[in-house]
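Since the structure comes first, as structure tokens, the remarks are kept for the end.
Chains here go by letter, A, B and C, matching the order in which they are written, and residues are numbered from 1 within each.
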């Protein structure tokens, strides 16, 4: 195990994986990950697919809120735009998914940049309010614009196909989702090694100083909204394919709150944190459901209480994490790793 | 122009708006005193309504006493929440505070759901239901009582802040915590009192809403979301703004429902406050009565 | 020698026991709204179905086989319904599902046809009645469309005023609310009744004063409200506060015993369509229900929606019985079995149920009730014509 920090080149300093063993672990992890569809049953794969989508969305939100410091409650609305764009492109224009997913992302990104315009003038709570208002307005528009979205009846999304190969099973969807997720993680990680990413962080930490130093706040704030919304839009498009039917009810404001919970519990400003948070929050209702169904022999009333318990546990976890681990699971993991790295000299 | 239609919408807007004003006042009190944003105000309203219902129906306590007991309970709840949850987070990131109150709202909602279920529970008839004629319009007596209660509460609050020692101490804490501390004011106590008052004010709103609607259920917590356009309109740190903002938003909602809904086939009433919010943010981000924030590096 | 003989016979017995045990239960999925916006009627419905199945199992089940009803609360959220459906079909391998809401049932209708899973919904949407479009969807009772037509027939019969009667439709903008509206529009036109206003209300609300005032501008004589009982109660109270003179008619999820409890005086004189008997009503099958509830007392109030659930349970259990007798306990087998039901009697809990391969409307009869003295009082039965062109509307 390595110890100490001795770098001689800039490349070495910026590298993502600092040791040979880390790279090997990553390759092993990827192998295990992509072997999952071979033996995992359908409904578990469904949960894992949803985790993959959540990872993409959480990274997107973290780019905006964790890295650039712009609080946004409009996540659910962006996902809805991504999902309905993708569905509409698929049904109306028969566009294959490898065009409709990026295009849905771009549509969401432009909308995101539009919503980001207020961020140039207002910050903090006011921006959060504006994004929340945007959510309700988008929800209203989705319900009303029936020709595109199908209104309250919703939209049935056509199965993605490559030629005649249909991606209609959970296993095939898994491959699609995780290929995109890995690209998303890589891109995000690299983003924060570049000038753009560092500008984002500068805006979060001290926007006025950054502006004085020559960082173009307008450009980078809008870019942050754009990139973040692209991610979230892609996640929305993938949800459309996974759920097969989308309606305005698929993206209520609680989805936005869930995603905020993901990045806070996972760790603001950390890609790994977004992944942890996504896994945790997506698994939480499933674990609760398994617990209540297995206990339902002795406590049959529990099934009725499941929804309330999920809310209760979610709320308590958010509060506990915020009080005791404000930097999220990523920092806790970092501390644990460091403890073992420096053992027995850990502090 | 149908005057009766207009007036009915106006009065309904006033009543609904006065409840918004109550919830918004609670929000603003907390913000002014502690710089925290309490997104769980709607849940305080809901808790107040359920407690009062419990006292009225299960324990058969007369209405005015039930209100006082509910207030006591809400004050205690507010103070406990402040101590346990908000105290450790003093000084942290804005988004942490927002998330913590969101977490709190989830917990409160869940506890009420576990205790009472999701069914609508009928609220006992407290005010006589026969309407009173004001000019050409029949107005439900419950409405008049609601407006009356809100006015009295606001008057009490205003005199509290203006004339009582604690009220002045709270105002001092709100304008500068450090100076207040150095003057010997227990800032911690002020925080606790502000949360207690906010909880009381919201629970009054919940009780009134229960009596007007005749039944309460989980959907009461959505009032918490409505409060946001109100405080933005009125100004985050102005109680007067909260009241005026509440009334304006209530009236705006009803007019949207009455005049715009038929044009768009429904849904305009719910989305109008949010469109208003965006417009206000564009032109007057600090609201009608809020103070402009000067940022320093 | 002796030991291995004993072991072998033991093994045979165990295998036989396990296979027979496995064959003892029939798995059915239940997707309910216990905590969502329609839980006020979702919960009693779920309890009705569960109790009916518990009762059926206590009487020996389906040809000796017990029904294993697996319950999931989806809180009226369509994505949860999708997830529950996937789990039921892929993991639990249920033979049929009893679902709940219009939105999710209509969303799932293509998949259940593909997977051949018979789907009973508590949604009475007319869109689920045409077997050429939705061959695997069923429900027990007159469709929402036939209910609104029944209302219009009643209006036509009882309208004594000058000129055409004026009606308004009030409904939330989701699948359940919108389901009967087009049918109502067409039939009103056919009967010469003037549809003066359509008012869209939210799915959940604290007050609908502005909506009611809007409706009042057109001065309808009757208004049909298609939403669930808690929201009807709020609406009726608001209407009373405003002094609105319109006579209100509720759909079958509005006219329940909970209405007078919630709306109190505002419920007096309000009419509604019922597809099932009120709880405790004097029909043949009610004794079974009241006896069961005496033996298994519960804190929950029992009402017509509970009876509805019970009628559902009895009906599809009968379908399972027929399918099992024909040794065709598969999704398709159950569907075919259900389509042989002719004038199936639930004991008067609901009008006689008939499904055919070309028509999934179990009945076109419904009963009009009025709230008098705080109680659901029967007015009369209506039957709307069973027209072929109305299939799927």
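The rule is short, and it goes like this: a contact is a pair of C-beta atoms (placed from the backbone, for glycine too) under 8 Å apart; a residue touches a chain by one contact, two chains touch by 3 or more.
None of these values were measured; they are calculated from a predicted model.
Student: Higher C-beta contact count, B-C or A-C?
Tutor: By the number of C-beta pairs in contact, the winner is B-C.
Student: Farthest chain from chain B, comparing Cα centres?
Tutor: C
Student: Can you compute the centre-to-centre distance for chain A and chain B, using the mean CA position of each chain? Integer Å is fine.
Tutor: Each chain's C-alpha centroid was found; their separation is 33 Å.
Student: So, what's the distance in Å between the C-alpha centres of chain C and chain A?
Tutor: Measuring from centre to centre gives 39 Å for this pair.
Student: By the touch rule stated above, which residues of chain A touch at least two different other chains?
Tutor: Residues 143, 304, 307-308 of chain A touch two or more partner chains.
Student: Can you tell me which residues of chain C touch two or more of the remaining chains?
Tutor: Correct list: 34-36, 43, 173.
Student: Identify all positions of chain B at which a residue touches two or more other chains, and write them in rising order.
Tutor: Residues 113, 117, 265, 267, 270 of chain B each touch two or more of the other chains.
Student: Show which residues of chain A lie in contact with chain B when the two form their complex.
Tutor: Spelled out, the residues of chain A in touch with chain B are 65, 71, 118, 121-122, 124-126, 128-130, 132-134, 136-137, 139-140, 143-144, 206, 208-209, 212, 253, 257, 260-261, 264, 268, 304-305, 307-312, 314-319, 322-323, 326.
Student: Help me check something: in the complex, which residues belonging to chain C touch chain A?
Tutor: Interface residues on chain C, with respect to chain A: 34-36, 43, 71-73, 75, 77-79, 82-83, 86-87, 90-91, 103, 106-108, 110-111, 173-175, 178.
Student: What part of chain B is in contact with chain C in the complex they form?
Tutor: For this pair, the touching residues of chain B are 2, 5, 8-9, 12, 16, 113, 117-120, 122, 125, 129, 131, 138, 140, 142-143, 209, 212-215, 217, 219-220, 222-223, 253-258, 261-262, 265-267, 269-270.
Student: Under the touch definition given earlier, write down the residues of chain B that touch chain A in their complex.
Tutor: Spelled out, the residues of chain B in touch with chain A are 37, 85, 88-89, 92-96, 98-100, 102-111, 113-114, 117, 225, 228-229, 232, 236, 264-265, 267-268, 270-271, 274-275, 277-278, 281-282, 285, 295, 297.
Student: Which of the residues in chain C end up touching chain B in this complex?
Tutor: 34-37, 39-40, 43, 173, 199-202, 204-207, 209-211, 213-214, 217, 230, 233-234, 237, 240-243, 261-266
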